[in-house]
Amino acid sequence: MLLVALVACVAAIVPGPRWPRIWLACMVVGTGSILAAAVAVFAGAPDWEWWSAVRVGGERLHLRLDGLSAWFMALLGLVGGLGAIYARGYWPDDAHADSAARGRLWWGVMILSMGFVLLSSNGLHFLIAWELFALSGFFLITLDRQRREIRAAGWLYLAASHAGTLCLFAFFAALAGRTGSWELGPMRAHPELGPLFWLAFAGFAVKAGLFPLHIWLPSAHANAPSHVSALMSGVAIKMGVYGLIRFSGWLPTPAAVGWTITGIGAATALLGIALALAQNDLKRLLAYCSVENVGIIAVGLGGGLLGAADGDAGWGRLLLAGALLHVWNHGLFKALLFFAAGSVLHATGTREMSRLGGLWRSMPWTAVLFTIGAMAVSGLPPLNGFVSEWMIYLGLFDVVAGRSPAAWAAMPAVLMLALAGALALAAFVKAGAVVFLGAPRTRVAAEAHECGGSMRGAMVVLAAGCLAIGLAPAVFWPAAGRAVAAWNPPWAAGAPPAPLPTLGLANAVLVTLALAAGAGLWASARARGLRRSLTWDCGYASPAARMQYTGGAMAAIAVGWFGWIFGAERRQRRPRGPFPAGAHRIERMPEAVLERLIGPVAGAVMQVAGAARQLQHGRLQYYLVYLAGGLTALGTLVLVGEMK
Amino acid sequence: MNSTLNLLIGLAMGLNLLALGSSRLPSVIRAMAVQGVVLGMLPVVITREFHWPVALVALVTMGVKGFGIPALLRRAMRAANIEREIEPFIGFVPSLLLGAIGTIAAVAVAQRLPLLPEHAGTLLVPGALATIFTGFVLLVGRVKAISQVCGYLIMENGIYLFGMLLLHSTPLLVESGILLDLTVGVFVIGIIVDRIQRAFDSLDTRKLTVLRE
Amino acid sequence: MSTLLDILLRLTLWILLAPLLPGIINQVKAWVAGRRGPPVLQLYYDLSRLWRKSVVMSTLASPGFVAGPAVAWVALVGAAILLPIGPFGGGLSFKGDVILLVYLLAVARFCTTWAAMETGSAFEGMGAAREVSYAVLTEAALITAILALSVESGSVALDRMLALSAGTGAVLLAAGLFAVLLAENCRVPFDDPNTHLELTMIHEVMVLDHSGPPLAVILHGAALKLLLFAVLLSEAVLPMGRMSPLAATAALVGAVGAVTIGVGLVESLLARFAFRRVPLLLTIAFLLCLFALLLAWKGGPA
Amino acid sequence: MNAHLLILLPFAGAIAAAVWPGDRTRPWLLPAVGLVHLVLSCWLLVDPPPVEPGAWFAYDDLARAVLPAVSLLFLACATYGISYLRIRAERPNRVFVAALLGVLGLLSAGHQSRHLGVLWITTEGVTLAAVPLLHFNNTPRAFEATWKYLLIGGSGIAFSLLGSFCLGYASIHGGGSGDLTFHALAAQGAGLSRPWVLIAWVLLLVGYGTKMGLAPMHTWKPDAYGEAPGIIGAMLAGGVTTVAFTAVLRVRAVVDAAGAGDVASRTLLGLGLFSMLVAALLLLATRDFKRMLAYSSVEHMGILVIGASFGAAGTGAALFHVWSNSLTKGALFLSAGNIRRAAGARTMDEVRGMTSITPQSAAIFVTGMFAVTACPPFGPFFSELRVLRAGLEAGHGAAVGLLLGGLLLVFFGLTRLVFAIVDGRPRVVSTASVKRYPETASVILPPLVLLALSLWLGLATPPVLQQAWSAAVQSLFPGS
């Protein structure tokens, strides 16, 4: 199956740039077989392991498909394939003559390299696949190379990603140095390897976008073409999560790791969503929301680690399974939301919410699908986001109820999750309502058009996935159990430690009732006569679209509470006098970490670099003095050594 | 024997100071040339008896260092029409002081270096160190290309002087190879000096700061 | 089958009893003011009249304008079913139902605000913004309260959590939850259900454009929510599990009544706060719940 | 005999070039000699000749581990050189071709020198032979660069001569004969006088470090690489520096034998990290993409000596890195040359949008840039990873951390500059000049082949090379 996937993906890469149809077919077959391979593992196929005969870089390829890899493979297959379909409509050759072919090429490379990341069981090949995946991500983000801000976003991504990769260099090199081989596998029996996990943590956390290492994420996801954003947000950042889960499973982790990951995860969730709420750019909002969701996943993972350390199987399993399920869920609904945002962008040419509005009329499909995604991402029942958040909550509550020491991590985490959940709801009410409801704020919004069939189809599949996990969570338990068992074998799969079937039933009832009630009320309203009239504006005679509540205003209250953390910047001129003119109010939420922390540090480094530049001044005489200086310094070094 | 040797080396050290203190290019060149001749005589003095290969090398050294290279430099100097070094990086008095301090330091350092008894009594090591230092000061402290070349050559003279320690063990082939390289090197430098003179219409190396960050 | 019947019975009870509470509150207010208020059953009349009316819809609104209130109502009913009624337990009790309850409330909020935003009216946008923003704080307080109950009872299922009293922190918890109740149901001092100054309202302003059956559903849903919180508050504080079923039922009814009257009294005696001070009040509520949690942690079996 | 042929053949070629009549046909001598040289060196790589310990020249383990890389690089540059010299038909190429072949001969000799004095002579010879190559462009800038190259390089090489004498004196002082063959010096081992060994080591390190371009002795490098033609830059960065590096390794083996190995390691590490830091900072600041390559070369020289400071495993990794760096840097220099010609300028302020003007060269340039910053699956990735691993195994955690920090800054600097050049809207001047310098196969293939070789080197390192490297390490660290 994987062979088919490999062949199909390679087949897609090679002729892909020239022939879109063949590329699409190959991509669909390839991603389909990736998905099928994963499903085969869930269906009970034994773990698959394979060593190649040939050596690559001096090492034999070692691939391993176990429950955990399969879990992420499934997501990769689904989103990768749907993204390819979506791209047909979203980034066609006639509109993007120069970049569409490149996009197809790198898409194939990215899917393939992510697949290898998930399968590789050799440090060297893991790194190769990892960096290839990072680079293809960079080229996908900057498909449209003409725009400066896109290039800047791409560079930031590349820089951050490389910083993470260098941590991984150190990690894998140290691991290989200590174990004597590049081979990876369970090595919990060697406690001396424990401290190395911090290196892996730093490296993977950058990719996953955990606070405060998320700096690259918003601009990269916002500026990438939307199908790429979906893949980046849905799958690529999950590679970081995969790395964290994988190596926390294989390595013996220091006791503090569980606490740290939980803490950082909770903080990430809260701050991420607070920043999301503050955004005016639709895709940036979604990007920050990805930060939030990675935080939620990290809370689950950290809880799982605490559980493993505690020896308590119950809540640890639940938390880890919740985290894993949230990986899927976020992949599904975030891809859906990015697709929908892309369809809005495609139709209107802008991502600024304050220029949109009332799109439901011209793009009903997108509006409905976005709403589903928004409900899912806010963690509302009966959709999938709720299921995984529920599992994580439940695990944390179990910790608290059991009064285990880990409760001191769990209680703040629950609180932060609750705050994050409420803020997410606010953020997505804002996003959905400002974009799709009310009256169009600008001409572009009024002249929008619905997206094409391939884009719509991809979104429908994702929405169906969201609903399916929400309604039948128990169906997915065996797969999650398998992944959990791969993480920690003593937690081998068993009955779910939570009443998933009951939850599914409740959700199903809820859906039915909601549909019935909605339809019923609509019918009864129609039966009693339905008149249309202008929106009631308290007697104001000529309401205009610009009078609508803006996104910024909607978010202002809650964002204000976080202003002291992020240092919101505000410029305003109040209207004065009886005939006020030229009043304005501009609020901007700075990228706090980037602008307040990284920026000054980078500035300092650049200053040092500028100073170093002065040393290369072109005067030969001084260059010769450098020579003498080098001689003296080395001599001193040797002399000092000899004195000792 | 040692007294002759020390006398010659002392002479070379004196020439160092002369080169440092002189603002006129011809006298710097002359000091360098005389120093070359003096040093060229050393092998013969050290070996004490007459070996014709040693004598040949000595003769070639003297010829190249005392006459060939100085002639080349004088030609370049005339072509560029400069006689004096004006506004050096390191002034003449400071250069002299530096040179004096360097010479004293060289003697002091040489005292502390572990030397074989037959070398401990000679000025070979301090002389070599002082000459190298002088060459370096000229290299760094002068702005006219020709002065810098002189500095470079004086530095090479110092190293040559140091090489006298190994006179008995260095194969002749290696020695002549080194000599050949030096000669070619100076010729190449001469050519470049000539090109710089043509390209920049000056031999002031302060003008050579186009290439920088 | 009997489960289904049980659920139907509860449904009826909740739906029928809910509109009673606003009536009682209005009575109390009238009594404090020395007036003769509207009849206790006024809301029932209003609802039945609204149900018969025709609907006027904004030209901008989508079908979601009508569907939203319906879904919100369903969510509230669902939440109500989950909530155990004194000795009779919950309609569908399972581990983690409490989280579902909290999130069903969130669904309701999502739908009402969504429907409010349909019209493109600045006033309704304002209301929706306030609703979702203040909910952040109330949700924090609510979840802290639940944490406290969970620590106290060592369980994550509503029927066990609510069976015991909140222990030493009961008073704090009661105060905190009462504030949450006021905020979530848009009562004074957070909101004033009686004013019609659009700029100062939360809930009322969101339904400005609704009319006819959708408005009826919204009003009924609001009443349902009030009852839900009243029951939750009562059960969280009272040690229901230790009483006989009859006593428990009586206590519950009494407590709900007391809460209702309390709301009425607060509404009569306090003025609405400036919006700037609302977060402060809610933070205090949250802190009360937090102290209750800490007390529960210290006080419970180690 | 074959080993001597490696040296004599290029000299014969140089003489032939000097007397060859036609300017148009003369450049063909370059690839012809390069090809034979490559075949010879590869043959010797596979079938190493016996080495007489006291010989002055021999194709010994270290030469075997490094020289074929120089051969490969030379052949690629030579092939490129044909079309380059055709483009630059306005300049007579007699001296150029002869000097380039002379450089090859001296490089071969330098790699094979087993005598300290001979090594010095060849190194100085390379320095001098490269001079006419550097100022081939005949501009004032080129002369300035050459002048600096000569004086700084000359001073450095003077230090190494002094160092060589000191090492000889260490032998005499220790009771030895003063024989300057590495074999004899190492055999004397602890018998060498320690103070003189240390003095010699510092002087030789500074001297050959100047040749390698280690900071703070690197100052000639950006000027020389910036002004010289692309192929010369490639040869300097991949060939000349390599000789200096092997010289350092050979001396280090003697110092090790004399019992001062830890001092050597410490100084190498310090110098390497400092070079890395300086290169990283200058890369962040520079705006000229040819000078950028020079700083990148400084960085890689830093990595080499850091690797050498990590003991036997690190030295093996460094030898690997010599190969991957030579090949990758070669590709970068050649493609940079194409870009430079087409753009007519070389700073990021003037050059933009090269993807649309010279798409293939820009693609090679970008790929090479990723390769040289250790992005897999190219050679430098594998070799740098080995260096890291060796460092961690040797317990130099802090040094590895600094190295990684430096790599990160270097990556920032390189990507910043490279993307500024390839992206954006091209200048009008550039679009016009591209017609004069079309991207023909003859200027695209050599860098492409070098890149492919770098890829192949990383993914499928030939066993014979692995074996050659470990044999070289074995000969340098006989104890391990």
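For reference, chains read A, B, C and D in written order, and residue numbers begin at 1 within each chain.
Throughout what follows, a residue touches a chain if its C-beta (ideal position, glycine included) is under 8 Å from a C-beta of that chain, and two chains touch if they have at least 3 such contacts.
Here the structure is a predicted model, which is why all the values come from computation and not from measurement.
More C-beta pairs touch across one of A-B and A-C than the other; that pair is A-C. Remark: subunit A and subunit B have CA centroids separated by 69 Å (rounded to whole angstrom). Separating the CA-averaged centres of subunit A and subunit C is a span of 35 Å.
Per-chain Cα centroids separate subunit B from subunit C by 99 Å. Centre-to-centre separation between subunit A and subunit D, using Cα means, comes to 43 Å. Shown for subunit B are the residues in touch with two or more other chains, namely 136, 139, 148, 205, 208, 210-211, 213. Among the residues of subunit D, those in touch with two or more other chains are 147-148, 151, 155, 222-223, 282, 285-286. Under the touch rule stated earlier, the contacting chain pairs are A-B, A-C, A-D, B-D. For subunit A in complex with subunit C, the touching residues are 357-358, 360-361, 367, 371, 375, 378-381, 386, 390, 393-394, 397-398, 400-403, 407, 411, 414-415, 418-419, 421-423, 425-426, 429-430, 432-434, 437-439, 498-499, 502-503, 506, 509-510, 513-514, 517-522, 524-525, 528-538, 543, 545, 547-549, 553-558, 561. On the side of subunit D, the complex with subunit A involves touching residues 147-148, 151-152, 155-156, 159, 198, 201-203, 205-206, 209-210, 215-217, 219-220, 222-223, 262-263, 266-267, 270-271, 278, 281-282, 284-286, 355, 370, 373-377, 381-382, 384-385, 388-389, 392-393, 400-401, 404, 407-409, 411-412, 415-416, 419, 423-425, 458-461, 466. By the touch criterion stated above, subunit B contacts subunit A in their complex at residues 89, 136, 139-141, 143, 148, 205-206, 208-213. Listed in rising order, the residues of subunit A touching subunit B in the complex are 613-614, 616-621, 624-625, 628. Here subunit A touches subunit D in the complex through residues 54-58, 124, 127-128, 131-132, 135, 145-146, 148, 151, 155, 158-159, 162-163, 166-167, 169-170, 172-174, 176-178, 605-606, 608-610, 612-613, 616, 618, 620, 623-624, 626-627, 629-631, 634-635, 637-638, 641-642, going by the rule given at the top.
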